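As written, the chains take the letters A, B and C, and residue 1 is the first residue of each chain.
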Amino acid sequence: MSEARSRIFGRVRAALDEAAPEEREDDAQLDARIAAHERGIRPERVDLDPPALVDLFVDQATKVNATVDRLADASAIPDALARYLASENLPAAFRMAPHPDLEALPWAERPALEIKTGSSDGADVVGLSRALSAAAETGSVMLCSGPDSPVTLNFLPETHVIVLRADEVGGTYEECWDVLRAKLGVGAMPRAVTFVTGPSRTGDIEQTIYLGAHGPRRLHILLVDAA
Amino acid sequence: MDPTSHQFKENAKQALSNDNLQSALAQMKVGFVERRREAAEKIPEFDRLRDQARDLKNHTLANLDRYLERYERKAIEAGAHVHWAETAAEARKIILDICRQKQAKLVTKGKSMIAEEIALNEALEADGISRVETDLGEYIVQLRNEPPSHIIAPAVHVLREEVEEAFREEHTHLDDARRLSEPSDLLNEARAILREKYSEADVGITGANFLIAETGSSVIVTNEGNGDLTQTLAKTHIVIASIEKVVPTLEDASSILRVLARSATGQEFTAYTTFTTGPRRPEDTDGPEDYHVVILDNGRSDLLGTEFQDALRCIRCGACMNHCPVYHAVGGHSYGWVYPGPIGSVLTPTFLGVAEAGHLPNASTFCGRCEDVCPMRIPLPKMMRHYRQEEFDKGLAPPAARFGLDLWRFAATKPRLYRLGTRVASWAMRLAARGGSLRKAPLASGWTDHRDMAAPTGASFQDQWSARGGRRRPSAR
Amino acid sequence: MPPDQSTHQEPERPRVGLFVTCLVDFFRPQVGFAAVKLLEDAGCEVSAPLNQTCCGQPAYNSGDSKSAAAVAEGVVRAFAEFDYVVAPSGSCAGMIHEHYPRLFQEDPVLGPMAADLAGKTHELISFLVDILGVDRVEAAYEGVVTYHDSCSGLRELKIKAQPRQLLASVAGAHLRELPSAETCCGFGGAFCVKYPEISNKMVSDKADDITATGADTLLAGDLGCLLNMAGKLSREGSGIQVRHVAEVLAGMGDAPAIGQIDEPMRKEG
């Protein structure tokens, strides 16, 4: 194994040193380039003030078949979720990520909702998770794995509900990375970071898009305006 | 997979007479092109994003060794096992050793072209390990016992009726009378069957769209969510990637992602873009216990510093084949190996040599549409021309073609002789023509088997021009 | 106040070398004369050196760079003296403009000459519009025409709007766009005889698309593509007339179409 490694690196180095020595940078330069987290071209469409950016997020997410319910504040979530489940003819039961923001919600006001928490065992019909951030440019929601955010909740239940705050909506993916770095520190990553852009889909049968290939058939975003 | 690129012509003939394939191709050639155009038009900076992606990848390739070292260091810090494979055989051995160590009986696989390149499926089967493809298209071709025909749409050559047929043949435990006439029926059946496999699997294998030097992460993009289920639910996750997949930072990956889905399916972004870093953390409640990354060279390092280095910028979006009129005519299997279409016409001779794959770079009209849509601006026609030159220089070009070129060169470098020759040929053709055209012409059956050949309308321009004194009307000077 | 007419001087007429192209020279010389007319009408002094043959593309695309260079050298020398070199073909102009510098990049004498030639070589229609500023022609052509964008012109030389702009000024001609106008017709030089079945599939699809427009005339700017499409349409018994766009723009659209003789309106019924 290590022999293969040294031979590969040997060939790569020899070829590059010979072919384009002027494009080679030293360790310090490359480390500086990485540390700078330089951003590329920013899509024009996100040059908006915060309220318009949230509107763009809603618009983009809706275009990729997500549904978005805008709520005045977080205390409205249990009601909104119960209504959503009823409107989709889904059972009043879901599996919730053990996230403090979700656990703090006034679920007791909706005693008919049957709540389980933790990772999904595959039998759950609805999963509820908490986003870290979102990119309005494509209506993508950023989910980060951790003890309060099991990954299975994002993929196994047929219906995936995500709680996102309006002030967490950024313009671009790069803004999401900044949020993550601010939370975990530079260079640290959770095991899994997923940008979710609409529900699961496939075009593998005659290039026609069908929703719900292996992951969720429905993606519902509860977008909370006030903190 | 045994390559059949040397018999491209025969493959192509068969493909052209396969009615089902032709209906499937007729559908795909419209859809992908339209969707990519719409996606590009929706974002005014699309072409600048392509320039940026090209430059970014060029920088990375110029410093590939150092970025790979950084990736490796960060991945190991996060708990990954990083393996290096010089050849396909080494990569297979590494993966099989992990599977054996885990006493794996069932492997789930996300879509990976590297897995096809190293012929992993055959190796797993030879080792008695069951394999289930989780991407719907890959699952369909697995049931049909054939390789994928497209790098992002593996079953693009299969009609819905043929999917139904494959499902009925293989899913014998299900009720024969069940309805499978709608694509959604097929989707639901595949979903139900594959659902059980994800958590049953001992090992989940995925590819990687990117490796991130900054964080030691591997990235997959999928629409179905199958890749995420594969890498989350199996106890062991193996990523197979190749050396050129590395990019410096999360920002750089984000920049390239902006052109990937738009070029591939015409989506603005793929449904799931997942960055995975190491195995399950002690406090996590799900995720694999073990996380391995196998990084393959398989000849790529030999391209660095050559005229083919630019091919290492490829992000496997499939836009070149989606827009290729030759691919549209003959489909992916005709190319005879893992990578079809224009990028395949460059990569296949690279991996297998021009003696095996010489047809592929020749079977192009150089229409240039591939380069025109390539998000990484890879000069594909230029590379195909390089292979034609290599083939010619090695004396592998057909003798008839060489003779024709020698004759042509002899005449075309001697204008007087050339004019004499064209005079004779023109006279003969006009004599043989009926109604202005020839339906048959000696030495030109490749043309006249399928179309008429217009006869010259009279003496050549040169002869008429000289007869008029080299001027259409007198010069003012 | 009008400019002072008395000091107005006739500007020096640009000296244009016409690269006829081997296909036009052999198959359809009137395209060359149409090019001469269009260039002269636009104020050029046109010459067509007699020591020209071919641009070298057949060898270049077959991987025989030596033969390509041998033939290209003749072109480089024959056209060195002109202000501009113009070809009624995006393919041949593209070869000279894009590929000659690469072909001679190692040659200390021909290298700079090839680069100079590349810089002053243009395809006919784009030369008229982009360099000479021609925005209309005096010509008439009765009929519904459709237009195929030949690949080299479209992608190497960015020729798309120019022929449409000039066609819009042709009295009586109505342009109906071909939906697959940017898809290759399957000619590809030697490709069409090396891979005849694939080429046939491509040109058959193209012929279907052309027929579906309902146009009575197909135009394009490259004779190779035109011979291919005309040959297919003719084999299928189609009455669609196929012409080089320069013929119509030069008011020479009344000659028999490609592959036809003296029966210009060979329409059914």
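FYI, a residue touches a chain if its C-beta (ideal position, glycine included) is under 8 Å from a C-beta of that chain, and two chains touch if they have at least 3 such contacts.
Keep in mind that what you see is a predicted model, and the values were worked out from it rather than measured.
Peer 1: Mean of the CA atoms for each chain, then the mean for all of them together: which chain is nearest?
Peer 2: B
Peer 1: Need the most distant chain from chain C, centre defined as the mean of C-alpha atoms.
Peer 2: A
Peer 1: Distance from the CA centroid of chain A to that of chain B, rounded to the nearest Å?
Peer 2: The separation of the two C-alpha centroids amounts to 29 Å.
Peer 1: In angstrom, rounded to a whole number, how far apart do the mean CA points of chain B and chain C lie?
Peer 2: 33
Peer 1: Let me have the rounded angstrom distance from the C-alpha centre of chain A over to the C-alpha centre of chain C, please.
Peer 2: 53
Peer 1: Tell me, which parts of chain B touch chain A in their complex?
Peer 2: Interface residues on the chain B side: 24, 27-28, 31-32, 43-45, 48-49, 52, 56, 58-59, 61-70, 74, 78, 83-86, 90, 94, 134-137, 140, 153-156, 159-160, 163, 183-184, 186-187, 191, 194-195, 199, 213-217, 223-226, 228-229, 232-233, 243, 248-252, 254-255, 257-258, 265, 267-281, 283-287, 297, 301-302, 304-306, 309.
Peer 1: State the interface residues of chain C toward chain B in the complex, per the touch definition above.
Peer 2: These residues of chain C touch chain B: 13, 20, 22, 24-30, 32-33, 36-37, 40, 45-48, 50-54, 56, 58-65, 67, 70-71, 74, 151-152, 155-156, 182-184, 186-204, 227-228, 230-232, 234-235, 255-256, 258-261, 263.
Peer 1: Which positions of chain A touch chain B when the two form their complex?
Peer 2: 1-2, 4-5, 7-9, 11-13, 15-16, 18-20, 23-25, 27, 30-31, 33-34, 37-41, 43-45, 60, 64, 118-119, 122, 137-138, 140, 145-147, 150-152, 154-156, 172-174, 177, 187-208, 210, 212-216
Peer 1: List the residues on chain B that touch chain C in their complex, please.
Peer 2: Those in contact with chain C are residues 9, 12-13, 16, 325-326, 329-330, 362-369, 371-372, 385, 387-393, 397, 401-402, 405-406, 408-409, 411-413, 415, 418-419, 422, 425-426, 435-437, 439, 444, 446-447, 449-462, 464-466, 470, 472-473, 475-477.
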